[in-house]
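Chain IDs A, B and C follow the sequence of writing; residue 1 opens each chain.
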Amino acid sequence: MEQERKIKTIIDCVNVGKVFQTPEGEHEVVRNLNFSAEENEFLVLFGPGQCGKTTIINMIAGFESATTGKMLADGKKIEKPDVSRGVVFQSISLFPWMTAMQNVEYGLKIKGVNKKERQKHAQKYIDLVGLNGFEKSFPVQLSGGMKQRVGIARAYCNEPEVMLMDEPFGALDAQTRYMMQEELQRIWSSEKRTVIFVTNNIEEAIYLADRIIVLTNCPATVKKEYRIDLPRPRDLVSEEFLALRKEITGILDSSQLEG
Amino acid sequence: MNDKVKERLLSVLCAIISIGAFLGLWWWATQKTDLGNLLPNPGTVLKAMGGYITGTVGKCSLIMHTFNSLRRVLIGFCIGSMLGVSLGLLMGRYELAKAIFNPLYRIIRPIPPIAWIPISIIWLGLGEQAKIFLIILAAFANTTLNAMTGSANVDPQVINAARMLGAKEGQIFRTIVIPASVPAIFAGLQVGISCSWASVVAAEMIKAENGLGWIIQAGMDNNNMTQILAGIIMIGIGGFVLTCIMRTIEGVMCRWNKSGR
Amino acid sequence: MMKAKNKKWKYTLISICSVSFVVIVWYLCINVLHLKAETVFPGPLTVVKTFIQKLYTKAPDGATLPVHLISSLKVALLGYFLGVLFGVPVGIMMAWSKWVDRLVRPLFDLIRPVPGLAWIPMFILLFGIGITSKAAVIFLSTAVACIVNSYTGIRQTKEEHLWVGDVFGATNIQKLFRIAVPTALPMIFTGLRVAMGAAWMALVAAELLAASEGLGYMIQQGRYSSKPALVFVGMLMIGIVGLVLDTVLHYLERKVAKGMNAE
């Protein structure tokens, strides 16, 4: 306990609730949510179903505000998006009229960094995600996996303190998904950042996480927390891995797994 | 590959047949039926066109008439589309701008630009200004709506992506909203340029000393069907060229929008 | 919830203010400051007065506003329906049959870039200043828009859907009417709306140039007799009728092509 206190908390989520107003009435998607993310930690928010998780990421990013409670970044209330919190979207959402290079360097360009410097910097991250040679390609010319690599490089290039990843591989096929998980694991090891990663895929969660927070479905709230201490890179079929997988799957009752 | 060549040949052949048949029918009708009293045969029209190009119709050659019309269109179109696109982009992005300008725009939009001709003559006289005013209106009315739809429908996630990378509202508008709306803007510009071309012809028909609209109107006044047909052909070519230019620009500007694989 | 509603009210209020502001400035400039003579730029009150008077007086152009309106509508709708009846089937056939496409397209491509109203002088010489020449111009404008959109619509039919037809042993005609035409319906309706706009515009042009009644004729006469208020009334009428026609088509579109846009 003493030891944990010394670790710096980056994101703090205190009693957060979120209610949407719809024509059919109120729709509660997050209820009384409490968790925090520590420096350089790979935190996975794992939960079934569609609702809640993306909203949590949107609130941390500052795209939406909490109905009740508060979201803190470095102890300050999150009110709007900030360069210190990079986001990788499930919808990828690259700027389709920009080349891969222009997408990655966009954040620096906005900041007013001169062309030579920002291209050098962007190139570093393009190389890091393994897109060397595709700098001049437009997003339509890239495959889904390559697009998301650009998305990751774009967020990394701004050197944010925290990376928020909202089911970044959700739209990819299974094969590409495995590959991207490995890639992300490698990137994260070489460029340590705090990562908050949302997924509904248990294997992905255990493969990547330092810590998994299991969420309930609609309204989302913390169900249980796991610390994963398996050595990296992890073996998907090791006994420990499978045991964890069984345990976490077990705590979600079958009704929640649907949807 | 072989199939492609074959299809190409076939369509060229069919084009020759159908256009040949059309010209033949025209020829036959002018020679053998009463229509000959009203309609010149295609040969006469072509010969007359040659004469108009090297010589003059009215005060100048056919080419100069075409240039006069094109000049009016380009001036009016540039001003009108600039106004229309800027206003549309603002209205699509900012509710306040939309609340202020949209009701006024919705009053003006359904009035065809041509219906403005009489009032523009009362206000601005019979000179160049009235015609250019008309084309500004034509371009404006057709481009605003598309630009508005474009900027209102920018993917909110893409805007969020820019926000998380540190873009302020002004930067978002400049670097995200405008380029994302380009395909929609061009859809409006395409309609705008054809409508402007039609409007300039109409304006010149009502009152002008030169231009393609004048040619066909003067042809009607002098009962000269050959001149009318020559004018129509030139109007068609002009419209075609303008559309092609717009398409080419669109192709360059929207390269990213088509899969280049 | 309350917030959103308040916002909506706020913007509606701003819209009303903006329109009223323009009308007041218009009134002030013309009727109070007299920046322009009313013979050049009529004030708002004059326009309203002229509109009401025109409902029953025949001066200066020989007919009341409703008579002009009906005359315009008659010509426009006649040419429009003929154009639709011709254009939609031709567009569909061009898209469905390669041979029709090969033979008709070259001719169509020749005619397409010519704006409908450029044919006015020719048709007037051929058919005189009657209803025929105007209807012919509208017919052409309508047909072009209908052909383009029906063609594009049919071409959007997915090959997979036609294969489904093949699997169930549909004949060529069945595939056309059961699969391709329903697919094209939204585009065909777009064509109908574009065509209506083009037809209305061509009609106004024709009436401005050569007519003895109709809204276009009325505003032209307003100009000759220096009654800009009448020109205003005519323009507004043209705008309103155009809007009504478009709204009707839009309504029909939603009724007929229900659920087609969801794709």
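Throughout what follows, contacts are C-beta pairs under 8 Å (C-beta built on N, C-alpha and C of every residue); 3 or more make two chains touch, one makes a residue touch a chain.
Remember, it's a predicted structure, so these values are computed and weren't measured experimentally.
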Q) Touch graph across the chains, line, ring, star, complete or other? A) line
Q) By CA centroid distance, what chain is farthest from subunit B? A) A
Q | Gap in Å, rounded to a whole number, between the CA centres of subunit B and subunit A | A | 49
Q: State, to the nearest whole Å, the distance from the C-alpha centre of subunit B to the C-alpha centre of subunit C.
A: 17
Q: Report, in whole Å, the distance between the mean C-alpha point of subunit A and the mean C-alpha point of subunit C.
A: 52
Q. Which of the residues in subunit B end up touching subunit C in this complex?
A. 10-11, 14-15, 17-19, 22, 38-39, 95-96, 98-104, 107-119, 121-123, 194, 197-198, 201-202, 205-206, 212-213, 216-217, 219-220, 223, 225, 228-229, 231-232, 235-240, 243
**Q.** Complex contacts: residues of subunit A adjacent to subunit B
**A.** 61-63, 80-83, 85-87, 89, 91, 93-98, 106-107, 110-111, 138-141, 154-155, 158
(Q) Under the stated contact criterion, what part of subunit B meets subunit A in this complex? (A) 155, 157-158, 160-167, 171, 175-176, 179-180, 182, 255-261
Q: Note which residues of subunit C are touching subunit B in the complex, please.
A: 7, 11-12, 14-15, 18-19, 22, 40-41, 99, 102-107, 110-111, 113-122, 124-126, 197, 200-201, 204-205, 208-209, 216, 219-220, 222-223, 226, 228, 231-232, 234-236, 238-240, 242-243, 246
